[in-house]
Amino acid sequence: MVDSFRHAGQPLCPHPSAVAGLVVLSLLGLLALFAPVIAPYDPFALSGNAMLAPPGPDHWLGADQLGRDLLSRLLYGARISFHVAVLSVGFALGIGTLAGGIAGYVGGWIDQVVSRCVDVLFSIPDILLALAIMAALGPTLNHLVLAIGIVYTPIFARIARGAVLDLRHADYIEAARSIGSSPAAILYRHVLPGILGPLVVQTTLSFAFAILTEAALSFLGLGVEPDQPSWGILLNQGKDLMERAWWIAVFPGLAITLTVFCFNLVGDGLRDALDPRVRAEKRA
Amino acid sequence: MIFYIARRLLLAIPVLFGISLVAFALVRLVPGDTATVMLGMQYTEARGEQIRAEMGLDQPVPVQYAIWLSRALSGDLGQSGFTGQPVTRALRERLPVTLQLASSAVLFALVMALPLGMMAAVNRGRWPDHLAMTVGVAGLSVPNFWLGILLILLFARTLGWAPSGGFIHLFEDPVGNLRTMILPAFALGLAVAAVLIRTMRASMLDVLGQEYLRMARAKGCGPLRLYGVHAFRNALVPVLTVLGIQVGYLLGGSVVIESVFGLPGIGLLALEAIRNRDYVLLQGVIVFVGTAFLLINLTVDLLYAWVNPQIRYG
Amino acid sequence: MTRLHWIWCPAVFLVLAGCSRNADPVPVTERDAARSRTNELIVAIQSDAKTLDPHLATDAASMRVIENLYDTLLTYGSAYGTLEPGLARSWTLSDDGLTYTFQLRTNACFHHTGRPVLADDVVYSLDRMRSSGARSSVFAPVSSVTAPTPHTVIVTLTTPLASLLAHLAHPMSAVVDREQVGAGGLKRADGGSGPYALIEWKAQQYARLKAADTAPASLRPRVPFLTYRPLPDETARTTALRTGEVDLLLDVAGKDVQSLQQVPGIVVESQPGTFWEYIGLNCTRPPFDDIRVRQAVAWAVDRDLINQLVKFGRATVLDGGPIPPNHWAYAPFTMYPARNLERARALLAEAGLADGVDVELLVSSDFPYQVKAAEVIKQLLKDINLRVTVRAMESGVFFHALGQKDFTMTLVGWLGFVDPDEWLGLLFRSGALWNQQGYGNPEVDQLIEQGRSVTDRAKRQDIYRRAQEIVALEAPMVFLYVNERTSAHLADVKGFVNHPTVTTLSLRETWLDR
Amino acid sequence: MTRRSPREFEPEKSRPPALLSVDGLRVSLRSRTRMLPAVQEVSFSMQRGEILALVGESGCGKSLTAQALLGLVGKNSLGQVEGSIRFKDRELTDLSEREMRAIRGREIAWVSQDPMTSLNPVYPVGAQIAEVPWLHQLCRTRNQARGVAERWMDRVGIPDPALRARDYPFAFSGGMRQRLVISMGLSGEPDLIIADEPTTALDVTIQAQILDLLHDLRAQTGCAILLITHDLGVVAQWCDAAMVMYAGRIVEKAPVGELLANPTHPYTQNLLASVPTPGHRRPLQPIPGQAPALEDIPSRGCPFRERCALARAACEVHMPDLVGSAVHRVACWDREVKA
Amino acid sequence: MTEPLLVANHLSKTFDGGGLFRKRPGVRAVQDVSVKIHAGEAFGLVGESGCGKSTLARLLLRLLEPSAGTVHFNGVEITALRGDGLRSHRRMMQMVFQDPYASLNPRMSIHGILSEPLRAHAIPRAEWPARMMQMLDQVGLPQSILGRYPHELSGGQRQRVGIARALIVEPALIIADEPVAALDVSVQAQVLNLLLDLRKRLKLTLVFIAHDLPVVQYISDRVGVMLLGHLVEVADREALYREPLHPYTRMLLAAAPTLHAPVPGQPRRSVVPQGELPSPASPPPGCPFQSRCPLVQPACRRTMPDLIDVADGRTVACHAAKPGA
């Protein structure tokens, strides 16, 4: 009874910060999508005159050592970041959910095998694992997607498995069984929608991690091809020129931070919005 | 309690085995091998074969694995193909740096996160909460290598307060050591602090809603006793779990941070091993880090039992 | 120390962070005895040494440590191109130019065993180099090395070899302690008799040397302790110098020269160096098996632009042959005066590639400036429809690929030392070890043979000029520029000489004015 | 310690000053848009040694009333407390948080609803009980406090108190935990115990044990007990007087015998008719509809009118006052008309 | 007496204790329970928490696999059915759950929830609207509720939805597991009356499970009392109230608070029960009630008494209990 009062004062609207994050992200997505139209310069075009040009009217965010326009490169870099994030997280989501879902639903030795595999992958720190995979495969965009995908697969497997296990004991699943629904119907009508929430949240958060990982790997030289304007590579190039041209290191870092920040905000917002516990509090 | 530890240890065995398998399989996928890298431009088939034979790389892969595993079990992780140094020795040389880096980062994260997370929960919805949550999200969003660069730029370059890289051993020059460690520890620890702030806040909120806390208030406990004694220890339980997981992040993140700050730790060793296609070393690093991660989690579990009596006796 | 039990307790270590210290063969007292900033010279190097075996080392970082540990028969003089006595106090050449006789000085001792360096050791070392070392090919014309007396070494050649003395003066042509080779190899040990002896090498942290007790007083260095600190990050290196953490930087990047010059208390010394960079084109593979395509690349490249963008204009553009202007064998001709796109396009059209072609450009990711140059080249070649994909690999794999001639196009550098043969003979003779381009021209081969056997400098100059003209025209390599060599040190570091090659032999004459 | 028969009820005016007297208590909770009145115009008083029941269904505001007495709401942004709470000649609403702290646990104790969650899982139970005398400086040393704790554990019927004091809460069954909570409440030797649904989570047989224990302790120590419950059976068996609460208001208040024999408010009547009695298959007469949620409580008029068979026009406009005899009061227009 | 609709023979269920290395003893939730339920009757099952009554309900419906024993429904051994056979059989026997919120999928509208059994049993789609309307009417819910979600409903409404879901495929048997435990008194009475009413109108057989003896007695014809996995007494409602045979039943009756206030000055009517039940994970040998039983005999500490018939339709499992005692 007391509990029904406790949260009566809590706001019921979705997080304004999450909405802001979503808006900024959509904007960034559009910028990335229309980079060829928006970018003021060819991101690869060299210019002796613009070498290390500071931010100004010609180059809003300055130019790099080879005289390439930083803004244009950032915009094209966003394409890489989003590309890697979407594909690798998609990969992880698909494979991880499938493996975890089956493990949780079927149980038994399949569950044991999947769980041990997940444990193993979890025990190797993600950057190290991704580095090793990249070293094994060689630095190309597709390999990067694969490496990051593999690294983030276990988290989805674990979440899917946990959610399925939770659901297996949910009263409403038992109710569906008692009604006489077939396992397929239960899977489709109850389990799948049930695990969607945590997966959506994790997907959003994983976008953030994937962008960070891509940048880190590229920064270490084991990411995409070196002439691609990936944010991590831009940062790496800016690092050595910090003193002469702070903008080369600062703006890509800001871009990464902003994007990841927004993904995190949206993820947090979604988590709160989809968490049955929080929802229950709000309902009361 | 002994059964609990024994159980955890036994469960770790298949995982350790899996780690060794993954490490072994991965490095076998790496194009080029130690022989080609060692010889570089002077590579000829004959000399390559000779080196491979010396290192046992001419055996079938499962045989190589069996040999390597049996040696690893007796504590011999082999010799670096590149420098000829025993892998265990290389790890031992590098371990103190990474250990110091990781533990400083954890320490920094805990010192920052526990009070902030607690303050946020207690003042839910007010400015300390907003501050903590902003730090909590921002800390997760700033790439640690960028932060490292900015820190170098600001503190080493502009202000000259700290060296911009390299490592000084603690016993050789404690002050110098501290100065070389402070920036990397901060850069590495911020994300961990962010995660811990969020966890601490969430678990503290959870605890604050618990009946025993209302009970404690009804007993006449003041805020200090209420939060510091009754709530804190309960709130610590999930924080510990997360901390164990974050150590994995630290071990991975140290690869990047050690590279930015030029700290000769395990992370840099891993990068060198990758660069030199040093099979044996890379394998050793992955297995070592995996083992360390498992052991740290075991330690966390023990701490867990200390915090949570139900596990201790259950 | 291969037991695993210490692996089992990292968690405990985590608490005792940093308290663990390494068991070390060298006692603490010796390691740290009386070392202070007044008697220790700290040199920042770009990367850690890979090996301490002089006969295997191919990278500059290793060489820098090695050259101070070992003696060579001859050494480079401080004036570029001159040679001075080393272990050999004198030498004679037979009239047929096939037999060299060296007289060794008697006061050299190996650090580790304290054994005097005898002729046998020289014979052993030369044989070791000839049979397996990284530079075995340069000694190919040597037929035998003998030691008739403990202090006399005779080197017999099959054909005259003008460059032999220069090769022997190369810092990696070191005389090594064969007992040490037998005891544990030289990869991580000091088997030398040079001015400095190794105290401790800690991977990625430092290599610490001290003035060798065994060296005669006249040859003993003036600074008692010499420490190399690997600082891979360019910014970290310059910062370390500014803050006085290190005394000497050996490789200052072009971008930092200007800013370092403005720092009071820091002395920057620059001069044209001998490290030059080029685009290697694989002559055995399409499309570069066609000379016109190679020439098209040579015409399409804007050397000045690359120099400006990548080297901050501090390199010297090579528009003719590869030998730099500061070398006596420099050939003052210009083959590719300026970028000429029309010509490049025309050449390509002739070769039937008017629509362009896709090629892969291999670079080593360990050298960021080469990656940058590759990016520029990619853009430049786009203008003639050569679509370049830049692929960066770790240096080990990269050099392996190069050695296997498994590439189409590459961008890499070559470090010249003293003799012109080191520029041309090693690179362009058919079948030469470093001729990855697979280039072959009988005339060039013949010129190179000639250049080796003729001892007269003026004649050699002509021979090499001719060879350079042919090579530049046929363009197995597109020469880009030769780098400036710049070092920077604190003002109280005195007596250091910035040498055009990588050597730092002058460290033994350097002193600290503190 | 005065021993008075619990059944002895005198007219209020001639009685000695009340232990607790609440007058016009209002508790409002902050929502996003406005303050929601969760408890309104609650007035009552308690004598020493009395067991007073506060009965109502979930959400009626009974727990909130109890928390307001302890000052556990209102001192933060979530709620607001108005009205007067006089306890032993002190006005609790005027006291600072620090002064309230000295009262909580020492003079007014709280026994909470769910014994499974009201003990801190990470500390031994003995220490948690000893905390009360220690905090309120009833003992000079921690050892003494421990002794006090063990004595109280013994008194509430926990075997081997010295041994079990070192156990953690999870080692006790639900019934035992509730005994521990009670001993925790009593170890401060309070004058008033507020027991918030102390047996809801327990089985009936254990419920009987716990209520019996409370009853005995009341007899031994003379403390007053405010028992909050939704179970009319519990009220009937163990309480002296009862107040029926609906939607934040007290609608009827009477000694238990009187209330059961002569329920007057339609809600009380309905409530009694909703409870099955063993042995009789008297058809239950449920109340139609459901109690309004906090946000839906009408701002004026009687909140029960929607479900009331006797509702009339007046009920729409004004909330009737709690009127009647000194012992039996009821808030209903129907009653006023009849009276 | 009519033919039994549901017959359980020697049902037992042991839950695995788990534990990878030390096999912990399993919890014997239901032990050797035999019961017959006749068509059209309302059978009540009462017992304190952890006595295994919910497990028994799930065994009867075969939502759980029994460790031993059989269940026959309408003469068919449902413990032997598999897959589709079992699923189609479920149409005849439905369950109403304790927690009306947890047993309704929060992501489904009421329409979705009610259509699930119709879909599962292949009721032609054309019939759905009529059936739903009729069902809502039966349980007293407005039609407007179809578009709403469980969290928008009150507890009582949710339980009505739960009942409607069970009844919509016209089963013969309803097993209601503590359907009113989570509800307020006034709403509880509504739901109890609704169940009674539906039972009468639809000629349902009802198994009603609760911990509250007065509630069970109110709704049932016959009552079974469970104690730590055992069925210890079965009797008609009246008989059970008049003359409880098992000492545990007596204790339950005594402990249930009634609305009769004790007369001032006199001791309260009830005898306060003593002691607590042993843990279900490690019960002592013999009768689980021995620790609290006023009539405990040496035999009680050795063997669990059998459930024996003592009179017409009355069974009890106690060494000490004698009818009329």
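Going in written order, the chains are labelled A, B, C, D and E, and every chain counts its residues from 1.
One rule holds for everything that comes next: a residue touches a chain if its C-beta (ideal position, glycine included) is under 8 Å from a C-beta of that chain, and two chains touch if they have at least 3 such contacts.
Just so it is clear, the model here is predicted, and its values are computed rather than measured.
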Fewest touching-chain hops separating chain C from chain D: 2
Most distant chain from chain D by Cα centroid: C
Interface with the most contact pairs, given as the two chains involved: B-C
Farthest chain (mean CA position) relative to chain E: C
Distance from chain C to chain B - Cα centre to Cα centre, in angstrom: 38
Centroid spacing, where centroids are CA-atom means, of chain A and chain E in whole angstrom: 49
Approximate Å spacing (C-alpha centroids) for the pair chain A, chain D: 52
Distance between chain centroids, defined by C-alpha means - chain D, chain E (Å): 32
Per-residue multi-chain contacts in chain A, two or more chains: 6, 138, 239, 242-243
Per-residue multi-chain contacts in chain C, two or more chains: 233, 235
Contact set on chain B toward chain A in their complex: 14-15, 18-19, 21-23, 26-27, 29-31, 137-138, 140-146, 149-150, 152-153, 157, 209, 248-253, 255-256, 259-260, 267, 270-271, 274, 282, 285-286, 289-290, 293-294
In the complex, chain E residues that touch chain D: 48-49, 154-156, 184-190, 192-193, 211-215, 217-218, 237-238, 241-242, 251-262, 264-265, 268, 270, 272-274, 276, 292
Touching residues on chain C, where the partner in the complex is chain A: 233-235, 238, 253, 255, 259, 305, 308-310, 363, 365, 368, 371-372, 374-376, 378-380, 389-393
Of chain C, residues touching chain B in the complex: 1-11, 13-15, 17-22, 32, 50-51, 58, 134, 185, 187-188, 202-205, 229-233, 235-236, 239-240, 242-243, 245, 366, 394-397, 399-400, 402-404, 433-434, 436
Residue ranges of chain D in contact with chain B within the complex: 70, 72, 77, 98, 101-106, 109-110, 112-114, 117-123, 131-132, 135-136, 168, 170-171, 181, 184, 188
